[in-house]
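Labels run A, B and C following the written order; every chain starts at residue 1.
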Amino acid sequence: MCSRFADRAVRAGTAVIAIAALAACPRERRTFHDSPPAASVAAESAKSVRSDSGVSREGPYGDNAYALYQGKTLFAAFNCMGCHSHGGGGMGPPLMDSAWIYGYEPANIYATIANGRPNGMPSFKDRITPQQIWELVAYVRSMSGQGSKAARTSRNDEMEVRAAESQTTTEKPVLVTPPPTVNPPAQEGHP
Amino acid sequence: MAGALLACAGCSLHNTQNALDASGPQSQRIEGLWWLFLPIAAVVWVIVIAVMLWGAARKRSPREGMETRGGAEVVAGDEARDRRMTRIVAGGVIVTVVILFLMLVADFRVGQALTMAPGTQAVPIKVTGHQFWWEVQYPDSVPNKTVITANEIHIPVGVPVVMELTSLDVIHSFWVPSLTGKKDLLPGYRRSLWFRADTPGVYRGQCAEYCGLEHAKMSVLVIAQKPQDFAAWRAAQLDSATTPSDSLALRGKTVFMGTTCVMCHSISGTSAAATAGPDLTHVGSRRMIAANTLPNTDANLYAWISDPQRIKPGVLMPATKLDPRDMQALVAYLRHLK
Amino acid sequence: MTAPTLVIGEPVPVDDRAEREQMDRVWGSKPGFWGWLTTTNHKEIGKRYITTAFIFFLLGGIEAAMMRTQLSRPENSFLGPDKYNQIFTMHGTTMMFLFAVPIMEAIGLYFVPLMVGTRNVAFPRLNAFGYWLFLIGGSFLYVQFFLNTGPDVGWFSYVPLSGPQFSPGKRADTWAQTITFTEIVAIVGAIELIVTIFKQRAVGMSLNRIPIFVWAMLVTAFMIMFAMPAVATASMYLALDRLVGTHFFNPAEGGDVLLWQHMFWFFGHPEVYIIFLPATGLVSTMLPAFTRRPVFGYPAMVLALISVAFMAFGLWVHHMFATGIPQLAASFFTATSTMIAIPSGVQIFCWLATIWSGRPRFATPMLFILGFIFLFVIGGVTGVMIASVPFDLQVHDTFFIVAHFHYVLVGGAVFPLFGAIYYWFPKVTGRMLSEKLGKWNFWLFLIGMNMTFFPMHWLGFYGMPRRVYTYLASTGWGPLNLLASVGALVIAISVIVFLVNVVTSLRHGEIAGDNPWDADTLEWATTSPPPAYNFLHLPVVQGRSALWDEGDEHQVAVGTSTERREVLLTTTLDAQPDSRESHPHDSIWPLAMALAIGVLFITAIFTPLALPIGAVLGFIAFAGWAWPTKEDVESESDEKVSLEGA
């Protein structure tokens, strides 16, 4: 171990580690307090379908594994499954296919969750925090394979009802025409 | 009253969390094993070290000669000495086997005592582990007499308690050292643990199986009360929450129903029925909050609700930003939920 | 070319310089960077293993220091829960998988060929491959750690916490793949040791004359062969659950969370004996030199090693006593866990008899041996206590267990290891370590160990569980934790003293000579450091203490080729000459294969394409490795040898 090649190897290794440390992987970041952007997006009206709010392509959490995991947990905890099932839809539209009624950009989905949509999607902006909404946005997008594959959630320890999000092929999202409004936009929704 | 609680906040709330201060027969039997094992261990160790040090330091007599073999100076072979040592080593092994066997017998007897069935008058309690809190249910043959609470378990003194343990997420472990050994809460399994408290008191325990970010702050309180106090407590727990009469608390109820709280918590007697977080119907009567991390004072409630992530980073509960007066109202409402 | 027949006889004193130069040419590594990459010399590889494993020890120690700093005060804010959880996981994983097992194997790979009197391990290129894979695997773990992707699920990685639902991201996959790397490395080392010990011993070194250290390494190697596949399979199941969506550990689909625990601990318990038995071998190696007599009770010592190895596979459920297994099953494991104290006791009594009837010299290695007994017996008696189910139900997963296993691992394995470093440093480097600094090292380590870990027995009883990043002030655990943290500081100082000793002695240490301790095993019969070919003439052994039982006739075996690399194979039981086996030349293909496998494992956690890519790369490396060379074709004349003159 006294050879100078060993010294060189050690120096090289240290340099690699130092560089790696600076480039800490965004997928694995865990922030427990966060103030992701909310105000500008929440102001978007209920009917708008596309919005360019300056948020990054994937939203603040699209490539963050911990946020996607939180989003999946919240999806169950807040009973989104009651209408959307595990993404196949029911009373509410499916979330794991490529058809998006009110827009598929993160900002659109944020608005959908925060403000509600016609035909029964409740408004949640007073009931869940902006950070939680962004986590749900990221998770919902991952259901159709959007966002970083390495960060997407894997199967839950439950009965298997669908492929894991990390194994979902990415569906290119398309806008479809909204169905006719049969109910007025949802009021203060109940969970 | 708030002042008294605050004053106590800094001190140990008579928490007894000590396997060597047993307050029930299970812990006592185990503590008895320790006081049996410790002297045996100490004596064995002292003898071994004494032989080692004496053997190393003793003066060698000239009769213990050296010889030269293969160019090196080594201790001369001595068959008589070797035979003697063989007998001594064999004797040591036999003594070891006997001691180990006696310890084994003691083990098995205590083990048997701990696992014998507690009898039909045991109080059944169901504990379900979550990240990072304990869901507690007192089942009853009449379904609407089932008590649901969280993190604080009341038991009657002198009456055995049978716990049914399971988990809805990862593996946890229920451990109250003053009362009994631990038992894991395993997803997919229902495990039983029975024990008895013989002295009234507040016994603290902690989750004893690494379960994630806030494993360190997942504590449980077991409060052993006289049977009549326990019955009174249990009856009070069956009551639904009442509508508060004072205006601040009433405003607090409106705040509760209108913000993040209602998405995860339930309060029986209201429309809050979510089960993602602990049941809050009687949260005002609990000694501590946040799975027994903080004393249950107004200031702590305020701090906890405003930003749980500051106190337990990694719990599922989000930071709730409220106007200070709304927050005070909310705290007043929770205080009302005794 | 006529193959010379083997001759056993006395060496004729001649000027052997030309012969030595020829052997250096045949067995030496190529010069320069290429030589460094291609060497298959077991001593070079052993030194690298030892140094790399020791660097991991230091990294693990830094992690421990960070943990103790965080826990020194209640509600400390030095490390948050996420960082703390990563650090305690890294500490355990590093110490168990990257330090303890590799360093014991490495000492075996360096010294077993010397002790059995051969020139290299049985499969030199495989040995090189093992080291490179170890380096790649360990570096992978640490690069991931610095990328915030270090595992945070504990070194034992229980499901469902480490499973697909509750461990987002790639952290647990990093852990699983690190296991895959290290377990292949361990198996490679085990294969080397078993075959070398069985087939390449010196003439006359029958099975009942093998040094106890060699027995310990042989038994450990067998344990590795049986234990490592269990954890490899477990980590593979975990990776499949996480990456592919299988249900091995999913109760909802017929899996079982306890399956993980059974598989892991079936490996995990033998693992600690894999670490401990070589340490007992180290003690048995050093004690003769410092008591001037062979270890008392050779047959008992060997039988003790073998019975520990067998029994170690029957204990694993004692890690699961709190999971609610049936009482009858648990009792069985209580009985076996108690029983295993008996062979350990036999070993200790034999060592005590050796010390008693010998003439002790208190050089630093001897101090570490005495310290080992002092600490190991404490760990051993608490071990018998926790074999009891009811007792364990109180102290399982508390700091009592942390105290127990540090006493047996640090006291029982690291102390002999340090002693062995002081003992063998002269042989490896040609210089002695400083005795003065050695004594400081020893006393600081002993005091620090007790200060750190003895209070933890009480912390366990007072309710402090393991793997907690902090604790409330009202628990009253503060003072004992502070004491433990100060003890950790003392240990850190002792390790620094050791490092200073190593660095200064490398340059200025007293020159050692061939056998500075006047010891009895074969490695002391050659120069310090040994030449590339180990022994100019292969030794012949006449008794258990190779050098002390030599008699006036110092016999060697001559006749293996000096024109190409050749070792002598002997029969397994009686070590009579059997045949000559040619050994390959240095080669780059082990490194290539390690890189191919590294690529396969690392990319497998990101994409299934890793498998075809890795398969192709692996095939290329394998083809290069196995391609017959000119030398291989020539040496097909391996032939049986006969004995002439005895």
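As a convention for this text, a residue touches a chain if its C-beta (ideal position, glycine included) is under 8 Å from a C-beta of that chain, and two chains touch if they have at least 3 such contacts.
On a predicted model such as this, the values are computed, not experimentally measured, just so you know.
In this view the innermost chain, defined by its CA centroid being closest to the centroid of all protein CA atoms, is C.
Set side by side, the interfaces B-C and A-B show unequal numbers of C-beta pairs in contact, with more at B-C. Here the spacing of chain A and chain C, counted between their Cα centres, is 46 Å. Put simply, the C-alpha centre of chain A and that of chain B have 37 angstrom between them.
Residues of chain C found to touch two or more other chains are 82, 160, 165-166, 251-252. Taken residue by residue, chain A touches two or more other chains at 30, 157, whereas all remaining positions touch fewer. The set of chain B residues that touch two or more partner chains comprises 187, 313-314.
Those residues of chain C that touch chain B in the complex are listed here as 80-82, 85, 153-154, 158, 160-161, 165-166, 251-252, 256-258, 291-293, 296-297, 300, 322-324, 327, 330-331, 334-335, 338-339, 341-342, 345-346, 348-350, 352-353, 355-360, 362, 370, 373-374, 377-378, 381-382, 384-385, 387-398, 460-463, 465-476, 518, 520, 545, 547-551. Touching chain A in their complex are the following residues of chain B: 187, 258-260, 262-264, 271, 274, 276, 307, 309-310, 313-314, 316, 318-321. Across the complex, chain C is touched by residues 10-13, 15, 17-20, 27, 29-30, 33-34, 37, 40-41, 44-45, 48-49, 51-56, 58, 60, 64, 66, 69-75, 78, 81-82, 85-86, 88-89, 92-93, 96-97, 100, 103-104, 106-108, 110-112, 114-115, 131, 169-171, 173, 175, 177, 180-184, 186-189, 191-192, 204-217, 293, 313-314 of chain B.
Residues 1-3, 5-6, 13, 16-17, 20-21, 23-25, 27-30, 65-66, 68-69, 150-151, 153-160, 163-164, 166-167 of chain A are the ones that touch chain C when the two sit in their complex. For chain C in complex with chain A, the residues that touch the partner chain are 33, 36, 47-48, 51, 82, 139, 142-143, 146-149, 160, 163-166, 168-171, 241-245, 247, 249-253, 506, 606.
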